[in-house]
């Protein structure tokens, strides 16, 4: 299928496929571990697909705002690589998928010498947050926000202050992990400061269009096709996309690779960032989660799209 | 770089790069868990790269014979899929990488309802062996050997009887796993029969050229480009390649994906099967293993090639 | 309270306390992992308390036969100590409680150099079975049976052949463990032979009076007070009683030590062997098990007795 | 042997046995996880044995001061029981030994619903600290110190301020555990406050004579035989002694029970509190630790004493 006719079919079919997938939301559960997240509507589902010419195919509730949560980890990893280089980053986090669920402490303990398995699990992302350049948590957070705004082409991206405060107030498990990392010599700087940076980037508020634009930059190897501006060195995009395949969907990453076959990263707010290399950036939101912590309707929709358009990289 | 000039450069440079990588073999260790394997030469390193026109670039000790060991698991998975379909296979094995080393029993126990994490770890491959069609272990083994001969375009492929007997005689750990699988209701048929099938396909003797040809079929989505014959349905090749990215190199799969970025499967005899999608099938042998159980010189050589030719899929 | 008045009170109260404890059986579950065991009556509860003068206080269903199951492990440990001495036995099994449930393979794998935590978990008891002197499994089994008959003062003790066959036929998990032990170099002899010895001693059929008499020998440091015969060296009784406190009741051993405070060993058939040092041997049977695998009514009855008579060693 | 002649033999032999055991110190390692502890002399070994008449047999370096560390956990457990009763305490900590080493987080995570295995591991002792009555950490700490002074018959017991500050400054692992407990709903109050109470009672400075006196109170079921004063309800002493047998010596508790057979609790400063029920309270100090974290020379000395005087409870 030519790219044009594919996009035309996408424009026509997307609303129908979305409504079919939306029905799956009833089987999922909106995250409730922080009070703010539980306010998201169970049955919502939205998607935006953006191509290199700036055309967007969107459907459903693509306008509802959500916080990036774990999706942000892809881009803090990239910023940490840009700030420190590969060697310094992989001195503090590994490259392996875990098979355990997202907040497991089991793995952290058993691996020697105690570094987190990869940068996309919580422990790894906290370690990465400590590597962002900046004099203090404020400067680090401000640099992250600027970077995200540039990638999204949206200078008005902001924190959701309520979610941020909610995260920080209910963070015992992340705090526990951070102290374990500190004990293992993995964390630079103070635990409170690092966690503040981490909670802030998880709380950045976006819509599907923002996520699709950020994904588009990855789909085009770091150069924003809409502006021509080179935002990320290609090697770091490669690293990010590889981790998105092997560890991007928590402990359902293997299944997503088999059934969808695209680099992706999900967040507990129900967002999914994914991309078709060289073609599209995609943002999805669907707050009802499956048992592995991924948007149940969003995953279903991506399975449909990948099958219909033969999008798997493999 | 055009494909032609790339192949020309490959022909010229391959011997040089191979000799550089060969030096790493001194840091590795030849597998000794079965006596037969320990006879492989520590410093050997060979490679064969085969393209769709039947041209081969080879270097080093590419003529030495070795047993397929875990490399065979890719193709028994494919045969089990062809015999049973996706649903029946994934009823018995999962799709997730584990992060644990190749013979861990930890994961088997903790996952519910007790099925192996994926078809490329030992426990999963034993479960897959039990799914091969055939009246008894002899017929199953004979079907596997025929399938492998066809894929390798080599009707004289045979078992290494010494390795097979050595495997069967020192198989306490695999036997332990198989009984655990049996207890979990994962294994069809008798434990002894299943293990016999498993030991036999691990013991099939090949050289780099055989592995390169088998890989070439995967690189061309299941159709042998040298004969035009369609040997594997494309979807099953897709599944196999995805697992090779997420779980093909034991608990160094994530690192191999980051540093090489190609579907691959290694074996404890020092073999690596890998491929450049749509272009090359590659067979490597280097018996000295790193701590994760992969050929230390072979991995180094593949890192060089991927970097020099920008082969990563990501 | 004088010993005489205590025994008189026991004779009077035991039937009442037993009926109160019997009600708890409704909350438990009869073991069903082998078909034969599942035939035991859910609501049964029996006890026999034997003193050094040969007086017995008994109540409830103390006449129903049951197989020793894990209770036998105390006495095969003792026989292995008598056959080999302390050093040889503790070369193959450890001395530590595990906190894991009775058939966990987790612990076996994580401990270095791979020996079972203690002789009362399945893995440890299988290792102990391999240490019993004898030319083959038949002679070993025959020596065990003779030893048990002597301890019970009952020359007619026999195997329950149906249970034995049922055990042997459904033994995948134990077989898995045994092969793991074999791989770790812990097992002497062939796996099948060792398991045969193990299944046989687990299947010896007893009644509460037999268990009480065996316990009485332990309560009097190895000398049967009814015959004056010295049957076990005192040091080995000491070792056995210590393990019974730290590991005798699966992963509820700690709780039993706190709430009852007596050396004890339970079996999955619902039997409990326990003793008051220097005073009584006690046999209990109650097939309905709690979640930890111990007789739910039997444990309740022992809690009552220990509290009423202040029997805790601590 | 009569008690008198035993004590006479103890007075004569203790210095000889101590010097034999002292040689083992060379194989051990002084704890260095906090800088203050590492200042203890490697070859020191001291002991004090106190009987109900106030006679003391002592030898070696029994005068050197050391901090109680984990020994304090026995008495904060008792105080928490006195403050809250059994039900409230065992709602927050379990009763089972773990087999894991003292600072393992593995067990904490796998057990449901996430309560620590027992009150003598770090996680459990932190939970217990949160149960001590008092308006704030200062009052709680002050109540603990008063209780310890009374038990030791030594009103001048004080904190070692340097050790306390050193503990608090290097507490990342304990802090990590405390936040995990907080996340699991196990901890009452703020994490910082609870840890402050915990670090303070670990840092109370004692000598062997103090420990012997505290142990004597346990040996006499809670009533100080030197004053006749009843300090602890007997049931709580029983609970404490039971835990000391099953979990008092980290993951060498099982071995200590087999080889010594007395209730005991060790600390990372090299102290051991142990007792012969109804007869002696014993305090030992020997800073060089074995791999399990217990005083290597101290354990050897207790093995000698238990063997020579047949002190095992079993």
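When the chains are written out, they are named A, B, C and D in that same order, and each has its own residue count from 1.
Assume a contact is a pair of C-beta atoms (placed from the backbone, for glycine too) under 8 Å apart; a residue touches a chain by one contact, two chains touch by 3 or more.
In this text, all values refer to a predicted model and were calculated from it rather than measured experimentally.
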Provide the labels of all chains in contact with subunit A and in contact with subunit B. none
Farthest chain from subunit B, going by mean C-alpha coordinates, please. D
Check the residue numbers that subunit C and subunit D use where they touch, and answer same if over half are used by both copies, otherwise different. same
At what distance in angstrom does the C-alpha mean of subunit D lie from that of subunit B? 55
Per the C-alpha means, the centres of subunit C and subunit D lie apart by a whole-Å value of 32
Could you give the separation in Å between the centres of subunit B and subunit C, each centre being the mean of its C-alpha atoms? 48
At least two partner chains per residue is the criterion; list those residues in subunit B. none
If I apply the definition of touch given earlier, which pairs of chains qualify? A-B, A-D, B-C, C-D
Residue numbers on subunit A that touch subunit B, as the complex places them: 94-100, 107, 117-118, 238-239, 241-243, 245-247, 251-255, 257-258, 261, 263, 312-314
Using the touch rule from the top, collect the residues of subunit B that touch subunit C in their complex. 104-106, 109-110, 172-173, 175-180, 182-183, 191
